[in-house]
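Each of the two complexes below includes chain A, the first together with chain B, the second together with chain C.
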Partner chain A sequence: MPHVVTENCRLCRFTECVAVCPVECFHADAERLYIDPAVCIDCGACIPACPVRAIADSIDLSPEEASWEAVNRERSAALPLITKKEPPLPGADERRAALGY
Partner chain B sequence: MQKVDRTVLGACPHDCPDTCSMLMDVSGDKLVGVRGNPDHPFTAGRLCVKVNHYEERVHSPDRVLHPLRRSGPKGSGQFERITWDQALSEITSRWRDIIAKDGPTAILPYSYLGTQGTLNGLNAGDPFFNKLGATISERTFCDSGACTGYIMTLGPTPGMDPESFRHSKYIVLFASNPMSTNTHMWPFIAEAQKNGAKLVVVDPVRTRSAQAADWHLAIRPGTDAALAMGMIHVIITEGLTDRDYVDNYTVGFDELAQRAAEYPPERVASITGVSPDDVRKLAREYAKTQPSAIRIGVAIERNSNGGQAVRALSCLPALVGAWRKPGGGILQLPLWAFPMDWKNLMRPDWVVPGTRVLNQWLLGQALTGELALDPPIRSLFVYNANPMVVAPEQAKIRAGLGREDLFTVVSEHFITDTARYADIILPATTQAEQFDLMFSWGHLYLTLNQPAIPPQGEAVPNTELFRRLAKAMGFDDPQFRLTDEELAARAYDWSAPALQGITLDRLKREGWARLNLPSSDQFAPHAQGGFPTPSGKVELKASMAAIGNFVLDVFRQGSNEFQDGSPVDPLPGWTPSDGGGARFPLSLISPKSHAFLNSGYGNMRRQLAHSGEQHVLIHPADAGSRGIAEGSSVRVASAAGEFTAIAKLSEDVLPGVVQAPMGYWPGASGGATVNAVNPARFGDLGRSPAFSDTRVEVTAAG
Partner chain C sequence: MTEAPHAAPARVAVVGSGPAGFYTAEALLKAEPRCDVDLLERLPTPFGLVRYGVAPDHAKLKSVTAVFERIAQLPGFRFFGNVEVGREVMIEQLRGAYDAVVLATGASAERRLDIPGIGLPGCHTATEFVGWYNGHPDHADRTFDLSGRHAVVVGQGNVAIDVARILARPVDELRRTDIADHALAALAESRVADIRIVGRRGPVQAKFTTRELRELGELAGVTARAETDELALGAASLAELEDKTNEVPRRNLEILQGFANRQDTAPRTLGVRFLLTPVRVEGRHRAERLVLKRNRLVGPPFEQRAVPTDDEITLPCDLLVTSIGYRSVPIPGVPFDARTATLPHRNGRVLGDDGVPVPGLYCAGWVKRGPTGVIGTNRACANETVESMLADRDGWPRVSRTDLAAAFGAPVAWADWLRLDHTEKARGGETNRPRVKLTTIEDMLAAAAAS
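Here is the complex of A and B:
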């Protein structure tokens, strides 16, 4: 039961989570981030760090969100590691506002 | 998320080296969340999988909130609510009867570090039970064997500052998996790695930390002492010692060299499973890459050679001069940096000479009568502990607790498998509801925990529990009228250099303070020797061995009587332990689990979800030869007992080794957990448990 990055990350990629992660478990594509469940230690540091509340303990996911577990597992295995904070994607602030944060 | 009215500076209460500065968010009278303090250099803004959502524990509907009295057969779980007065009256009248008939030693306190605060933790009940004259509990749950070995070699020194690991160039973790059980130290190790340090993990299992290491040495359980002796052999025979450091700051080098000659790499390889070339490579790299650091985890002591493993490992930094710089040395237990006033905490002056001492690993034997005790144990008082989960010989403990004539009192948060057998259950506060001052055995900060919310129901902190018991027993000593703040003031030597500039008032404002010691960038207390041993030097040959095997008095209520006393080899080494024979061919290790804290959280849905069902890790080759499939139910049996678990096939364990994490509650795990198979055997020093020497067989459950 790992932690997962959910929908809100898409088109934001604030990467605050990467800065606080003690174990380097984040992987990235052009749109968003994913957590490698084999490396994540479930410390939860990333949850409050995310400006758009995109990260959750998978036990707190609704049934509709449960698929994020598989998405994070599969995509993290295929994508490169991200270990340093990067600038958010263009338009991230607008999306954040649209998400209500 | 609920509105936060205020945030209170607290401290994580658990038996973990990290002792986090914990921010407690309160809404009204309710704890609504906890967070790691971002201002604290070690906590660094995060807690962990165990303690995140502490509010779910505090406000769990399963909390015991009022005194309860058994209303059905022993172990039936049937209880009725009573008042505190009724509970105290029943406890004291039963105890007075027992004392009149059999004397006070028929009463046994049983506790450890369910909370490890200075006031409510290790020694919380010692003044009361010493005054009562009860049997003295020898509590060697954790690090006692390592402490004995370490202190014989280096004395009670903090050794290294864990934060100084960022300056290490070569780091070897023995029996330590910080990613799971010391997670706030990990960033300092990772920083060193980023700066070019090599990280080596010596562990029978490819743990999370081993996976992140540059080099994982998969070692057979219980053979670390042999590997350390092999390293010493190579370092000495290849001339890799720091002669100047050895000449000036050690004693017994020639004798150690002679002993180490018995451990050439080829012999070490046959014992440990680590190849001769790897033994040489490890020794050479460790010696030549300065500053080099060794971190030993609690698991190092859990075998019949564990104490000598700590002795050998504690010799190594001096041989190569690792102590000369920050980032070099060995880290065991920096608790010794805290100037505790243990006598005030324990009141050993009240121990009546001749009062017997009982090691707590022997609880099952003591309660069932297998251990000949005169008088037998008539009453058991449990607090800060859940022996049904954490102690070996689970079936014997259950049988003992089931004795109708045993009067058992348990102070708890929940009706645990132990509390289920109680005659009286008393409600205990959580950390959110109590005041405490926290030392640490994993960093150099003192942390104050201030209550965030009122006690839930009629729960009381241990300090208040023992004030009430003392009053009910008619003990009128002023000790039992001390307030929590007065107890805190007396628990430390505030005039000691390490506490200069630190006061309770400052801690109330700021929550935590680093001890008044050099910064981690300069922390090298033994750059020029100065070890607190009898000789003032590293005792490669230990003079303290002359007194025989012993347990530090802080683990035995301040008493020094009836110590083990068996002969101790003054030189480190490795001796074969008993094999399991053909019947029990597999070595079982039962480490602390990732999401539980000993037995804590074994009943919480979140931590259970992270842990999954009770399982045993087994190598595919061992599973294949036994017809065991991934995910199938298996029976794990030893000479002591058995439990069932789900098999997880993995090459992360060595062939011949199986691993089952500790912490699952038997009542929710098919009736038995891993301590059903662990025997009550002691390691070689300090009466550590020998859990990593357990021999088992695993079979498909029918």
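Here is the complex of A and C:
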């Protein structure tokens, strides 16, 4: 039961999670991040690190969010690793405020 | 010899080979230009709390060692196990020979519960119990009397949960782990069947992570329980729950509500209790009962304190394990903040008594920020320290750069550790276990030196 990056990452891409990941399991495209479930060790460090709480233990996903597990698995396999924190996307702070964080 | 581009890499000593030490080493070895790293460890074995803290039934978390093994292969890395600062080498020697020294020595001391009766046989700290079941050489010789039915674990963090879970889990499941042989033998004879975790504050303030709490409800042969009246929330706790970023307590409360009112049908029960402060241990020749006061919470949201009432309860208690906080211990020759039991620092730069950074002296991990966070927290923590180091590097004191390896006594090199590691894994292979740990320094050194 791996951890997954869900909807809130899109248009934010804060990447705080990358700095605390002990195993380098994050992959990224221009919009957002994904977790490689084969590498993640379920330590949970990324959950409180995310400013918009985009990351969850997959067991805590609601039925509507359950598809994120497959999205993370498939997209992480196709995308390059991200191992260092990067600046968030332009407008990330506005989106964070709009999300209520 | 010409200048900078061809200059030899800076040499850094990192003290302590737990997660913080390894992530510090990684950031230094991958810096441009690179710093060479000598990683010093007081035990013959690397990995600190990943080997000796993480519970044996959490194999996935322990697999982080694969990352550390890759770091150890980076050019410029050397490991010196069985080298203790203050024993084989003094901090002043390190500072005279290395361009910089990073202390990543963790928090090895534990707060003791200071109540009447705590000296009775049957009372222990979590450090002792965890070190024992994980085969730490400092604790491998201990014995725990598991012949009584009732155990109480004091504390509301993941260590308290680990202790309770190891006591509760069917021993046949532990046979597939790298739990120490002596602990496996003792747990196989255990008659502990009624385990309680108690904490001073309420369910919203507990430090458990959701995954660890949920696991208690999923153990075979165990009924997890909670008391409905202890899950009732006051206005301030309700306000804490409404904070949008406070999702861990929200999920924890849901899980605890699921534990409430369960029937004790399983062979073992594991109760999670709140709002209780231990006041004394009672017993004639050994612990028999723990007396606690019921608390109420006082104060505004996120600053609530537990205040004892006059209402006392008594729990049967044959085994008491306390997990109420960890402290770093002072290192001779290094500034220390006794109030926080950490090193005084700014972004990882160790500060002298005058508040000014001590040139070339840094810290990372628990000795820097206190005993909080999970394994990955140490990666960000180490990176912050190394950022400070790289910004400072041109101003580091001029040092001898003498290779101190010869002064380290009989160090365990990385290749020696790999031999020890191989021996443990081979012993494990005979019984379908990931490894069987060697638990004395003597045995470890013999395996490390074997040809």
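One rule holds in what follows: the second predicted complex is superposed on the first by the 101 of 101 C-alpha atoms of A that agree within 3 Å, B and C clash if a C-alpha of one lies under 4 Å from a C-alpha of the other, contacts with A are read in each partner's own complex, and residues count from 1 in each chain.
Keep this in mind: a contact is a pair of C-beta atoms (placed from the backbone, for glycine too) under 8 Å apart; a residue touches a chain by one contact, two chains touch by 3 or more.
Worth saying up front: this structure is predicted, and the values here are computed from it rather than measured.
Enquirer: Based on the superposition on chain A, does the combination of chain B and chain C result in a clash or a fit?
Expert: Pair status: clash.
Enquirer: In the superposed arrangement, does A:Pro63 touch chain B (first), chain C (second), both or neither?
Expert: neither
Enquirer: Who does A:Ile41 touch here: chain B (first), chain C (second), both, or neither?
Expert: Both partners, chain B and chain C.
Enquirer: Comparing chain C with chain B, which touches more residues belonging to chain A?
Expert: The partner that reaches more residues of chain A in the superposed model: C.
Enquirer: Applying the touch criterion given at the start, work out whether A:Pro87 contacts chain B, chain C, both or neither, answering first, second, both or neither.
Expert: It touches nothing on chain B or chain C.
Enquirer: By the touch definition at the top of the document, which applies to A:Tyr101: first (chain B), second (chain C), both, or neither?
Expert: After superposing on A, A:Tyr101 lies in contact with chain C but is clear of chain B.
Enquirer: Have a look at where A:Ala19 lands relative to chain B and chain C in the superposition and call it first, second, both or neither.
Expert: Second partner only, chain C.
Enquirer: Starting from the residues of chain A touching chain B, keep only those that also touch chain C in the other complex, and list them.
Expert: Looking at chain A, the two contact sets intersect at 20, 22-24, 41-45, 48, 57, 59.
Enquirer: Which of the residues in chain A come into contact with chain B in the complex?
Expert: It is residues 1, 20, 22-24, 39, 41-45, 48, 57, 59 of chain A that touch chain B.
Enquirer: Considering only the defined contacts, which chain C positions touch chain A in the complex?
Expert: Answer in residue numbers: 19, 23, 60-61, 63-64, 67, 209-211, 214, 244-245, 247-248, 251, 373-380, 383.
Enquirer: In their complex, what parts of chain A are in touch with chain C?
Expert: 19-24, 41-49, 53, 57, 59-60, 100-101
Enquirer: What does chain B use to touch chain A in their complex?
Expert: Residues 35-36, 44-49, 52, 179-180, 183-184, 186-187, 190, 208, 211-212, 594-595, 605-606, 609-610, 612.
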